[in-house]
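Look for chain A in each of the two complexes below; its partner is chain B in the first and chain C in the second.
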Partner chain A sequence: MSPITPYTYFQCPCSDSALFRPGDGSPSSPKNRDFGDEDGAFDPRAPRANYSLYPLEYLLYCEDCHQIRCPRCIAEEIATFYCPSCLFEVPSSNIKSEGNRCTRSCFQCPVCIAPLSVTSFETQPDPNLLGAQDHSAAHHGGPYVLNCSYCNWSSTETGVKFDKSNGIHGQLAKQRNGGTTRLTAKERKERRKELVQSGGSAQGSDHIADEHGIDMETQFANLKHFYQTQLSSSTSGGSGFSGLGELGFSSPTSLSRIMSIYTGGGSLHDKKSKSRLGNMREALEEDEGLIVANLDESAAIEKLRSEGLEGTIDTEQLQNQPPNLGEPHLHGRTRFTSELRPIPYLLRTKRSKRCPVCRHIISKPEAKIQTTRFRIRLIAGNYVPSITIRPLVLPGSSGFIQHPDALLQPLRPIQYMLTFKNPIFETVKISLATPSRTPGRFASKVTVLCPQFEIDANTDVWDEALKDDNRRKRKGEESGNPHQQPEVGKIWERGRNWVSVIVEVVPASLRVDLLEAAPDEEGDEEGEASEKPKVKREVDRGPLREDEDLLEIPMFVRVEWEVDAVGEELGSSRDKEAKEKRELAYWCVLGLGRVAQGN
Partner chain B sequence: MSRKPPRGEYIETDTGNKVARKATLVGTQNIMLGGKTVIQQEVMIRGDLIRSLPSSSSSGGGPPSNTAVAIGRYCFLSRGCCLKPPGRLYKGVFTYMPLRMGDHVFVGQNTVVQAAQIGSHVNIGAQVVVGEFAIIKDFVRILDGSVVPANMVIPSFSIVAGQPAKVIGEVPEGGHDAFELRDLYKSVGNNPQPAPS
Partner chain C sequence: MNERMAGIQPSGMLPHRSVANIKSPPPLGAGSGPGGSGPTTPTRPIISTFASPSSLRAEEDVIIVEFGTRKVQVGFAGDAAPRGTVWFGPELQRRVGDFREWQPGYVPDWRKSALGGLWGAEYELWCNEVRGQDMGLVRDRVERALREAFTKYLLIDSRPRRMVCVLPSDLPIPLLSAVLDSVFTRFQPPTVSLLSPTVSLAVAAGVRSALVVDLGWNETVVTGVYEYREVYRARSIRGGRKLTEQTHDFLARHIPQTEEKGKAESAQSVPREHVLSFEECNGIANRLVWCKPTSLGMSMAELGEGLPTVQEHEESDEESENATRKTRAVVDITLTSPQPAVSFQLPFESLAEPCETAFFDSRYSACSFDDEELPVHLLVYQSLLKLPLDVRSICMSRIIFTGGGANVLGLRQRIFDEVSHLVQTRGWDPVTGKGVDQLRSNPKLKKRGTGQAGNGPVGVQQQNGGEQDGVWHDAANVTHESDPIEEQLKKGTDKRPRVEGELRAIESVGTWSGASLMTHLKIAAVATIDRELWLQHGVLGACKPGDVDSKAHQRQSLGAGGLMRGAGGSSSWTLGVWGTM
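On to the complex of A and B.
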């Protein structure tokens, strides 16, 4: 229920099918779109509106389509991958082979996600003693550990130590929690090859599986090996289900197809196998990749009893854990903090953005990581007038001064100053339209005192400095005396490239028992078939829902301006002096604040 | 060096720095201000915590300077914040390292900064703790109440929050201008100008 400062959201046209309806898009007079056409009015409370409203900074602008583009509708392309911790670029070929995490020595704490630093185990007392790149690490030598300076987690808690202070990622891959070593995939393959050469493969894989049970990577390797031998040795013997043969679950063809998907290579898949039909047997032993789920959880229960709930991992920590192929399958296993692994940093990207319609690039950063420049950056703020909202405080007005953060008092008219700032170098004409009542159960009354006005062009910054005095004078002229009152049809204040107009709002009362009055009044106002709306509308007297006290005004903005006809495609036949008319129309939402409750 | 005979709230230097009289600057000879920087009341800058080791050849080819805190142009240090150079054991000796800050850096109220490096166009909120030897790159926004852990590197265009801080979002393309502090600089001082609308 905290009060909010006024904000403006702009709607991207991508999500609003209503805006493209015939008749709506046409430049009809704002009166037409006012309230008579109820469906045309944009409802900021609609669930869909959440996905189309953005602050101006988030919006881009396509110069070819002359349209606003939002983060939801643009197409992104990754320009560079880099590690957010060491800021080294990772080539995209490495992403394919080594995954989307940093393979240098950048790790996050598995408990609190703060960065880990490599420290020498001998001189552990000071946690921020040494950084990973520090030379002095060489002086101390000895085993190294990863240390979190935020929560004091250390990799010794899970029994992981390193011999060298660099290449931690590689060293960690070879270690299980508890410090026992683990074969990497490459080593396992080599060992298997040796064993196959020396003797039967069945005995060989007994040695591969060590006392810790088979981890996921080993299991996968075993399965792959088993099926590859099956494929190569399977003969066209058993016919069995000849009808299903080609598509059967254990037919060689579908198996080799699946294997080529999951193992990438498909190297063993020889052309001959296509003609072979029949079934093969499935894996039956551990060496062949079959692992029977271990449903005996007594060990986990015992551990839980001794360590308590503190010893277990919460879901957030679990989610942050990288997929670890070096651990046994998850059947019936509980997660304990002793199983946490340091998290290698997820890589980050620099992305360029394209217009979804014309495919032109509308934002493109420099590829180098250290630079923050953009090659192309078409932001909507450079094309669309910005809108700032400020409560109007008249200098002569007596009584209370509206604090900008205060809650709005129901049924008490408030005036707001909307300042439109023109970013383009042409004079623009702006037409505003709002529904006279905000949508929703509690309809506040809205009146824009000056719905049509012109804003001067955004001239050079130096002109502004030189004309500074001029502007002051002009402001004085327009506003006349300091005790100026807002008047209908008049601009409140005007500057070099900005204009302020007044909008008057009467916030609705949030009392549910008064709700009946609103639809009645409306029926009278419209004057047409006053019976109908009454019958249709059931007064919803439910309790106040979330954000119903929020006063948001949908406003349709139409910007018109003239540009010199560039004349390449369009204006070749026209005169040189011909001006091309441009128009941009969009909905925005003005969030004014929350209405006070209880009166 | 106040320009006007009546003592204003701020001391305005020739390079345009506006330093509040009630700010505590320790070891001023080790504090470098780039100019047009605002230092508000009750700010503390620990310039006395200089590198105690003679900067040897291992520390790179930098000039042998005693700078403890280096601040760029158009920085804004809000009331009650503290800049303290980070320190650690280096080859068995405890030493402080300089704190470097780029241009257009906003530091919120009651924030403690012990970073090693802060880039340009950085907005650090109120009640934030930036841990020792943190590195903050350009165009970073740190929300109020965050605790940036020691040694953390925050890449460009990040929005950071939480305890410990983590990257929660990205600064949009159109949001770069919001980091400009020129207007804010003009709005404080002995004869402040109102912010242009």
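On to the complex of A and C.
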């Protein structure tokens, strides 16, 4: 699954509860039963597994709860908001008012998402457009455009030009594609205020709406305004819409309602609400938010006819587009390249992370945006033994060295060297468990030759160096021997804070026609009588699915170690045995690579 | 004394209110000015003295989440549009740290993932068929999509925030439960309110009643909304997925090689063999497929009445223009998902074909369709027909098109025209068939029928038809008897006439925006679920909508608990129209 094979994934223990939760209705669903196989062995192929597996680098560790914490089980707090393009910090109040995008001049190309640069218009000689330019374009500094240096997209393609080279976001908000101007929300509000003051609300609609029809933002604002007036003039008595509404005490209507409750005037209240029932009407004019749809799309169809596929944008580009509120509802017309808008950069955040249980901070970035350092960062790799996998090449064997990307040969046993590296300063005891056959249709056989072993503490390198002779001796004993063979129950190799053990794997054959026979034989051998009929019935001879040729071994790892008890209550009473036992248990997935098909 | 009591009450709900919220009402008061609604009390200073903004809870911005089959839209209440949209797709289902799509030369192996009838399944959050669906997987998908949306678009941290979920009210309860489970266990909102997409759509169009034609992904759903209530619903499988499948079949038929091999039929045979990737077909369906204007163009011009004249005019213009260009227009299409990539040309006219078959299937007569696959225009017509008379007259002039299918160029117009044609030819007569047609087409019979009672058995039938017709006309013309309730209803309403009885389509800002608007105006949802209660009982804790006394609810909300439901603990809650277990 990951580009680097072999690889390891860790399952955060937090997902356990979700996966095996009772009362889930899970027994009925066939996919969940996969988890239940073989005493709840984890199935890395189950679709849900994708949501709970993480590479070790993504995991954090809470020192107080002694638990792995994955991105799903972490409480986050935002330290700073910033634009990834200009690296300017954005105050959090702006996020609410201005939105989640950079409001300076940072834009992405709508075609290829490369950053756009503001260039003076003259740099691109385009005779047609230059001729159309009427005002002082000849001087440098003239109109500016946004330009993509990667795919050469330019905002002139959609007819957008800017007068100034800074504050592009603001200028863009005032322009529609094609260069026509539009009112921004603020201007519209002022316009409305003026109209109200002059007393002519009736012709407001023709002022506010320009020739392009009412854009979505305006419609929304109109609606909001309309509903607010309606709500404030109607009671919240019984009309369907506001029946339960206006619970806020700030509104005069609900105050009057409270008054009526406390003056004991139940009847009064009733009368009032009845008399005002249905006060709220629907919007009747454009000014109030009602817009009769223009269903005529023949112009757009004509455009599509003349422009063909090139005139439209693909799905991804469409999904990258920020919501364009400056237009009336476009419906199908968003597909045209002429409707593309430069994408303002989405802001990003720096977050500090806390353990959701004990609220201790487990990751805290430096507040300064330019630095990528962390003040606190408890990554799991410093607490959990890391696992690396390598195909075992016996020095004595024929010089066949497997390329890491090479396909695994089905039914040919391969030995892998699993190296566990202990990052903590205590000696840890590790127990491994794997299902003897990997779950899924094509079951490979897995044998861990030495499932239990101890790893020495991660002591100081210099200490190690001083005790050098001792270590060297041991190394010579174990790996110096060219004729060493993997043996059951024995560690293959051992170092200062690491241990290697051997895993033997027989990759399954991916031939669908052999599927039936294989599990049956196995069932006989292991004497699983109950399993047999079930397997026979459910043989699925469908062709190979995505990633079914991947050989992944689920492995349950249990790490135990002892630490000096730190708690005072412990220290006082049992001084002698002031050791505290800790353990950590989790599922891992070892990905060994893809199995060759066709034999 | 009343003052004081009123002052005490808010203290109960203080934690829920922040400065920002308290300040919001002024525009409300100011807004009422121009409306001429009489004097209103300005906001009371009392409140600010009692409002100690709580630092425990994030500033009270309500998050609105709209779930669709293929995407999730999120944003804050009060915004005009969602801040971000997350589409479901294979990328969202990979493991964390699986960067295969960034590797050079990576080509998604769509063939393998499409096996077992799962073509396109990974682009969907759920399907309405709950049997065999892994609810845990739905939960995981919801969680991941929301997490992505929250961190990427909303830029919020994990402090508890109130949430509003816009979910179709006919969502199967297991799915609803899965969504709520995921939301409550992973995001800790104190409450989640449910809003119906159709009602929010009506709100975002500024109307109280509407006929919502949702050309959605799974199916097309026509919902009659009357006075903010869903009163009728009809559905058909002719939706976005069907369109994409039809596009696939259409393209498969036109790929040069398959034509040679004579595979054209196999593409339509039952075990559908997909020769193109879902992504590509969906792309073509989104980009190129369009919808032909109705073939009844000529008759439309005569009918006129219900239609704005401008539209017809242009249509006939287009017709003549088209005639000249029709033969020339060709579209180049390059498809990369078949093994050797193919590129070929298709006449532009033919690209209307998938839409034609997906939504109308006009090759077949109306009686040959099953209930679940009615062509869209028939579906709309029948939904209108089944609505009560008053509701129909209101709803037919407030048709709102929504959903992804509304993006097919010309489709809305086509449906609208087809429906108005049906209305013009058939009227609101549920009886169809040859006999009725004969009756209608024969002016002699008709004349007699509408006149005084004919003679003989035939006459009796005619009379019946005449009466039905009569009812329809009379309803509009008859002088109403004075009805006390009716008068009461009319008392407060605006005197301006409502548009009714004519077909009209209106524009809505959108479902999400409607929900945003409602939440911003503090309209309480009927179904508001408290986190504690949900975690205790799950979906089984919901009462039947009728069991919850809305008055009690109101009273409670004004009482000691304030907005803090669940403080009482024993308060019953309901899922409203979303149903009960």
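Observations, loosely collected:
Note that in this section the second predicted complex is superposed on the first by the 428 of 599 C-alpha atoms of A that agree within 3 Å, B and C clash if a C-alpha of one lies under 4 Å from a C-alpha of the other, contacts with A are read in each partner's own complex, and residues count from 1 in each chain.
We adopt the following convention: a contact is a pair of C-beta atoms (placed from the backbone, for glycine too) under 8 Å apart; a residue touches a chain by one contact, two chains touch by 3 or more.
Quick caveat: nothing in here was measured; it's all calculated off a predicted structure.
Put chain B and chain C next to each other and count what each touches on chain A; the higher total goes to C. In the superposition on chain A, contact is made by A:Glu546 with chain C only, not with chain B. In the superposition on chain A, A:Leu318 contacts chain C only, with no contact to chain B.
By the touch criterion stated above, A:Ile113 is placed in contact with chain B alone, chain C being left untouched.
By the touch criterion defined above, A:Pro71 reaches both chain B and chain C. In the superposed model, A:Leu411 makes contact with neither chain B nor chain C.
In the superposition on chain A, A:Ser306 makes contact with chain C only, not with chain B.
In the superposition on chain A, contact of A:Glu57 is made with both chain B and chain C.
When the two complexes are overlaid on their common chain A, residue A:Val506 makes contact with neither chain B nor chain C.
Within chain A, the residues touching chain B in one complex and chain C in the other are 57-58, 71, 348.
Within the complex formed with chain B, the residues of chain A that make contact are 56-60, 71, 82, 84-87, 112-115, 117, 126, 128-129, 131, 135-136, 139, 148-151, 348, 353, 363, 369, 372, 374, 377, 379-381, 388, 390, 419, 495, 498, 500. Residues 58, 88-91, 131-133, 137-139, 147, 149-158, 164, 166-167, 172-175, 177-178, 197 of chain B touch chain A in their complex.
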